[in-house]
Amino acid sequence: MSDPFFQPVSGFDLPRYAGVPTFMRLPHVPLEDERLGQVDVGLIGVPWDSGTTNRPGPRHGPRQLRDMSTMMRAENGATGIRPFEAMNCADLGDVPPNPADIQESMARITAFYNRVLAAGIRPLTAGGDHLTSLPVLRALAAKEPLGMVHFDSHTDLFHSYFGGTMYTHGTPFRRAVEERLLDPKRVVQIGIRGTTYDREDRDFADSVGIRVIPIEEFHARGVEDVMAEAREIVGTAPTYVSYDIDFVDPAFAPGTGTPEIGGPNSFQALQVVRSLKGCNIVGADLVEVSPPFDASGGTAYLGATLLFELLCVMAG
Amino acid sequence: MSDPFFQPVSGFDLPRYAGVPTFMRLPHVPLEDERLGQVDVGLIGVPWDSGTTNRPGPRHGPRQLRDMSTMMRAENGATGIRPFEAMNCADLGDVPPNPADIQESMARITAFYNRVLAAGIRPLTAGGDHLTSLPVLRALAAKEPLGMVHFDSHTDLFHSYFGGTMYTHGTPFRRAVEERLLDPKRVVQIGIRGTTYDREDRDFADSVGIRVIPIEEFHARGVEDVMAEAREIVGTAPTYVSYDIDFVDPAFAPGTGTPEIGGPNSFQALQVVRSLKGCNIVGADLVEVSPPFDASGGTAYLGATLLFELLCVMAG
Amino acid sequence: MSDPFFQPVSGFDLPRYAGVPTFMRLPHVPLEDERLGQVDVGLIGVPWDSGTTNRPGPRHGPRQLRDMSTMMRAENGATGIRPFEAMNCADLGDVPPNPADIQESMARITAFYNRVLAAGIRPLTAGGDHLTSLPVLRALAAKEPLGMVHFDSHTDLFHSYFGGTMYTHGTPFRRAVEERLLDPKRVVQIGIRGTTYDREDRDFADSVGIRVIPIEEFHARGVEDVMAEAREIVGTAPTYVSYDIDFVDPAFAPGTGTPEIGGPNSFQALQVVRSLKGCNIVGADLVEVSPPFDASGGTAYLGATLLFELLCVMAG
Amino acid sequence: MSDPFFQPVSGFDLPRYAGVPTFMRLPHVPLEDERLGQVDVGLIGVPWDSGTTNRPGPRHGPRQLRDMSTMMRAENGATGIRPFEAMNCADLGDVPPNPADIQESMARITAFYNRVLAAGIRPLTAGGDHLTSLPVLRALAAKEPLGMVHFDSHTDLFHSYFGGTMYTHGTPFRRAVEERLLDPKRVVQIGIRGTTYDREDRDFADSVGIRVIPIEEFHARGVEDVMAEAREIVGTAPTYVSYDIDFVDPAFAPGTGTPEIGGPNSFQALQVVRSLKGCNIVGADLVEVSPPFDASGGTAYLGATLLFELLCVMAG
Amino acid sequence: MSDPFFQPVSGFDLPRYAGVPTFMRLPHVPLEDERLGQVDVGLIGVPWDSGTTNRPGPRHGPRQLRDMSTMMRAENGATGIRPFEAMNCADLGDVPPNPADIQESMARITAFYNRVLAAGIRPLTAGGDHLTSLPVLRALAAKEPLGMVHFDSHTDLFHSYFGGTMYTHGTPFRRAVEERLLDPKRVVQIGIRGTTYDREDRDFADSVGIRVIPIEEFHARGVEDVMAEAREIVGTAPTYVSYDIDFVDPAFAPGTGTPEIGGPNSFQALQVVRSLKGCNIVGADLVEVSPPFDASGGTAYLGATLLFELLCVMAG
Amino acid sequence: MSDPFFQPVSGFDLPRYAGVPTFMRLPHVPLEDERLGQVDVGLIGVPWDSGTTNRPGPRHGPRQLRDMSTMMRAENGATGIRPFEAMNCADLGDVPPNPADIQESMARITAFYNRVLAAGIRPLTAGGDHLTSLPVLRALAAKEPLGMVHFDSHTDLFHSYFGGTMYTHGTPFRRAVEERLLDPKRVVQIGIRGTTYDREDRDFADSVGIRVIPIEEFHARGVEDVMAEAREIVGTAPTYVSYDIDFVDPAFAPGTGTPEIGGPNSFQALQVVRSLKGCNIVGADLVEVSPPFDASGGTAYLGATLLFELLCVMAG
């Protein structure tokens, strides 16, 4: 078992609704903490939504995800994995964004992750809107482009918005490919759907070799078949996992800014993460949870469960 | 491409949460507007729920559907159809009902649709409760009975309520058959379920030849098989499509007055519309969206997406 | 047909949102009523949640279930059963709990059910948290252990909580087996999932012969196959049915204290009850509906529908 | 003390959230019950909103008012009155409206109240929209016109709506004056405010001698002074009290269809009822509570408290 | 009376919940419309919240304010003013912001208002966060500094945030004074309260001569006295009115990002506007309405009423 | 200034919606932390509601109060007090209750507070239901009875509930007087109102000399006069302050289990705390915040502001 310091508080000792809510009830280990070097996987909040072009709110995501994550227990009932024993996990706190300055916020995020990586920690991020992934990748992929499994209803591959604005939550992976942070041949996007303005994003994907699996194909083939292809695409080289909560159908995840009808159900939402077993995951994120649009808190509870599943597959 | 005047405002020019909310961000073309004659398909609101025998609210449907419909973009991601280029579409405004007089309201609705039809416009209606369909059909089927594909959890074929009241949201299609607005042999009702008082509606359906596909059969056979039969029933003659939002399971569409447990999911909700491709659709409606029972707005968002899908299949 | 006294008020006589809300709009027959002896099946509320270790609220369940149950009509649309004609059904009111004394509350519940059983009535219980089942079983299984079909995302087989507390909503069936109220070889638990602290509950199940069907197996095999096994396990001897609303996925049943992601949908939720046809059901409960966590009332509506389905299968 | 049969259930015997919710936890005495003749004051629900010209929902009022009224205890803390000991009070159930027929509904209401009055019972009504008052007054004032203290933000004295519709929730007291059910010289309307189309209602009030006290005057003079005048206007002759919940500011009573900003606070809302002490109250109503627009249930809780205060002043 | 074209739709012709929701049901007159030159007062939406440093959402303000403003009728019940007859009013639509670029958005806003002013229109703005006021003032005060009556719980006079960010919703009036858009000696801020980091804003106010009236003084002196002073401060020279909805207590206006406890009630909220009678108002705004934090819509309804009151006082 | 370690995180460094939410963004100092001895005032959560006889939920209070308390800044705008500079303040975490065992929970609470007091820390408690005050007083008043200023709508002086249950949230101060933890002659209860079963509590108050100020007297005399009397009653001897959020009117504080209509507004809610200046406060609590009944979070925000005011007056 890992260091007892890194074990989450048990609900048998303190009821799960009690206590200061850190991610998964893990110890809070700020970057300047002497324990930092012992952390294997760090959960990090990025409370930021300045890249949102539609309904805002993901800046409130990390806090509600922390709250709901206190419902998680020690063991994955489906896979038997006990991530907190397999690895030293900790809550590293939130990156401080500047909500009124996108470029500065991105710089702060990349700098934070550079320190995390320097300490030998694999990051698991709770966003924030999807632009969050870009400054994270700038740290993670500084040395070589990564593969990526991307769950989403949108490709986020657009060139620009509003007549030339290049940094929004609809453009992070276009930038990431341009900046050679991602190896497009090792990128797969799953669950794409909804109305579009045009096919500019899809044309770009085709031109660089990104594999896009629309939701119709997902439903027709099923989780197992689709995920087998996904694993083949990313192979065993270093891979990032980016999970936009709007991948899941809005009945299961209403709390998000740009939902699209017709997505996977909650069981499939879990299955796709479990299917990543064996991938070489160097980092992951769960983004676009928007508490103001989530009257019941159910979206954040699903999100917290997905963070737990991501943690388990990072431990597997 | 159709007339630029009829193109919706793009979210790249004005964010989708901005602007006066017309249906799909289309131009508002009142009946007295000189542009009326150029409209191919008119979206019309019927803010009316006087036929509701249970929980009220659909009078607020058109406004919330307009609001949520501003999330729709130009192209159907699944089918590739770009309806606003294929046809001149416009928001024709709302029919003014008299909430305290059912007969007068029905007369006003029929009169409004007569003007719409006289201008050569195919109507796509946002209700309103399901009684709305009757005065619409009185205009549309004035010359000959129509076929109908009807998605619902109820048949709406009852004779009367409360000791003889003949005009409620549970009776429109009984009246429509009696008034020879519908050809019962060309009517199919899909998704019927829930508890009932008796089988009077089903006996009537059987007696006139309406095909009722209960939800158990729907789930057992699947969308593709069921919809192939539906297309065969209505054939290529003029057909009306009536979509009650309570066809969809209440987890996906809580905002409605008389939900019934166990319905289709949101992907199936879209698929059934797409499966109407090739039908001769002379008009369609989406009814029973009740914002007061829809805390999150998700029902109206599903409803707006269904209106978009109906528009696409009318363009197809 | 059964006694007219026991027929529910029809929505054609009094709209379903009207009137004093008893369960299913049945007559209220308190234990001291002279009509008690004529009742076949009694619906009983247990407004109690002192056994809850997590988020509270099921004490409010019976009232909201009564409210929503007024939406039920006379006939099961899927099975054709008309339970109120097949049996004399009545609302027996609520057991008065003492919210500040668990042991006294359990004694009161058992005493109440002893009177119900003495009158020859089969009880259908609306909880309350899952600890409710224990004092009910103490009455029902006083003479011989029962079989049980248990729908839930948790086994509720734990030994104790918080350092030795033996009576919580996580322990009722451990106690019931220990007290020989259940025959573990005739117990099946369906839908188990979510994170766990350890496998102490599962080890106990294995050690006494309780069959646990986790959700992964449920989804893989399907309702029909799983329920055939369930029927075989309980056989034709007296059987209790315990239905925790958190068996159903939280998108369909958000109003509960300890939801777990990835459960059955609402159609499956109904199917599993219908599949109990032919079982020898001596009592049933529907527990853990928590209105404070159910913004829209949808969970109670699902719960009321499940109570109706349970009633139908008890009549079948 | 009055008959023990008529005492409400105590929260010390059964917690207040438990049990079948009748008004104030009083016995349910339908009109055909043999106890009817012993009732002094009858609480009656009128679940009806067909007169609503704006946002609907008061048809759900009686049920939620029953639910919240179970929070009321035995004694008025401010005045010391114990109404259930002073008078035999009972829940007489709901009048069955026909939601799709206004005239028939009004006839049913008047008929119901005629039976109530024939049994010597003073009615306290839980609406329903404000049109409810008209058919109630047709029974109560059958022999002679009544005085009225009317709390509201609207006069409800308009001639007609929508081009001639004479029976809506904006016209009841115009009709009541025309039908000589009210003696306009003994009518006072308190709290009037908000925007208006014109002054047609105020001109009518002036022409017949109704005293209108707008909210500005109410705030300037204070409760005591205003209510002294109100008592003087109605004198000691038979008087009706009609309390529209939208009299109270919408922060205190959001759950209503046509709120107007700037009303009294909740303490003033209670004070005005207590100030009616000494009036000769032959009946009273509390109307326009609309649960679908009341996310928290607070409006119905205020409404239930007002019903209790009205009961106390009827007992005083 | 003004031009019939500029009369709002009457609720007697079309119920107030019906129709395309423009501000106050006025005609939508875009800047390129030929009618623009006939408009006296233009209602303009600024759906923008990029200056928000705390909880987001005001970008959704204009749409919900339009929706709720359809509840306004023709005449101010308190003052008798009929603004739509006194002036030609119109909905000029929304300024298109770029949610991901603050500077560009401010430039777009100023440009829009320059066109409005060039057409001789006085603007009444529905925000948007409070940074909105700055680019509006850049147009309005291009020629000479204005006086300002400012209702708020914050001074919005801070120098900068987050280590130097100078354009946020906490800084607009610091910038406006620096840019000589406001004459500080003619500025009064009313309702200031809540916790603070330091007194840097108040020191600045003191140094330039801005009069700050904290809420304690407001409550102690009363509306009449405070507003007399306010009128004296701004005098008869051109004056801007800026109304932050968080001026009002959060029980009355929960839907805002940075509420502060202990503010005025809703009647006072209206009174302060009415007290501006006689001022020389060249423009006004109502900002910080945040629908995502307003479960019931009550904040926007209050906001719409305040817009109507502002319109009345601009007409007076 | 106090130790920099004890300064809360500034919103200028990290936006207030970000970061792990401790009370007031103070450092989390568990009892075993070496810094404990340096703490002057400790904020402690008691997530417990087993004493609730009505609607549950206060067990969730501490977490939501922590969340909302991150909105507090450094200085009290009204009084100028900067509590975090005047005293070393810290979040001491939550007492671990056993939700299924009242006596054990009380023992745990008292033990926790004994350790806090032993470290020389004054406690400021965030409940929890009102029974919380009893085990806290058992620690605080171990040596001598305390005086108490008690804000509430209920006296909480009842002897027992449900036929003899002596420990509920309606009995703590009866027990505290019996156990000589309170000196009844130095106890004042302010704001008492609502319906009652009988006057048993008031008779007890009278018999032991507790001063009860009902809400009618509070409104008539005003805050200043009432609080002058309160200060006189408690004098300068050690005094406890117990603040039940239901003291405040439910429009301002809907999130509580047993609201009573007609209470103080939010400004008065703050004033009464500020009026305690000069009292010898040895501890304080804020109880009965129930998040499940608080759709908007506004109650917890008011509660957090009251905790801040209590902190300021403890520092004053």
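Note that the chains take the letters A, B, C, D, E and F in the order they are written out, and that residue 1 is the start of every chain.
FYI, contacts are C-beta pairs under 8 Å (C-beta built on N, C-alpha and C of every residue); 3 or more make two chains touch, one makes a residue touch a chain.
According to UniProt, the chain labels map to these proteins: A, B, C, D, E, F = Guanidinopropionase.
It should be emphasised that the depicted structure is a prediction, and the values quoted were computed from it without experimental measurement.
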item	value
Intersection of the contact lists for subunit B (Guanidinopropionase) and subunit D (Guanidinopropionase)	C, E
Chain whose Cα centroid lies at the greatest distance from that of subunit E (Guanidinopropionase)	C
Distance between chain centroids, defined by C-alpha means - subunit A (Guanidinopropionase), subunit C (Guanidinopropionase) (Å)	38
Subunit B (Guanidinopropionase) residues counted as touching two or more neighbouring chains	13, 15, 17, 53, 55, 59-60, 99, 161-163, 251, 265, 293, 295
Chain pairs that touch, as defined at the top of this document	A-B, A-C, A-E, A-F, B-C, B-D, B-E, C-D, C-F, D-E, D-F, E-F
Residue ranges of subunit D (Guanidinopropionase) in contact with subunit C (Guanidinopropionase) within the complex	13-15, 17-22, 28, 45, 47, 59-60, 62-63, 66-67, 91, 93-94, 96-97, 99, 295
Contacting residues of subunit C (Guanidinopropionase) [partner subunit B (Guanidinopropionase), same complex]	10-13, 15-17, 71-78, 251-252, 265-267, 269-270, 295-296, 298, 301-302, 305, 308
Residues on subunit A (Guanidinopropionase) engaged by subunit B (Guanidinopropionase) in the complex (per definition of touch)	53-55, 161-163, 192-199, 214-216, 219, 249-251, 254, 258-259, 261-263, 265, 293-295
For the subunit E (Guanidinopropionase) and subunit A (Guanidinopropionase) complex, residues of the former touching the latter	49-53, 55-57, 59-60, 98-102, 161-163, 165, 167-168, 292-293, 295
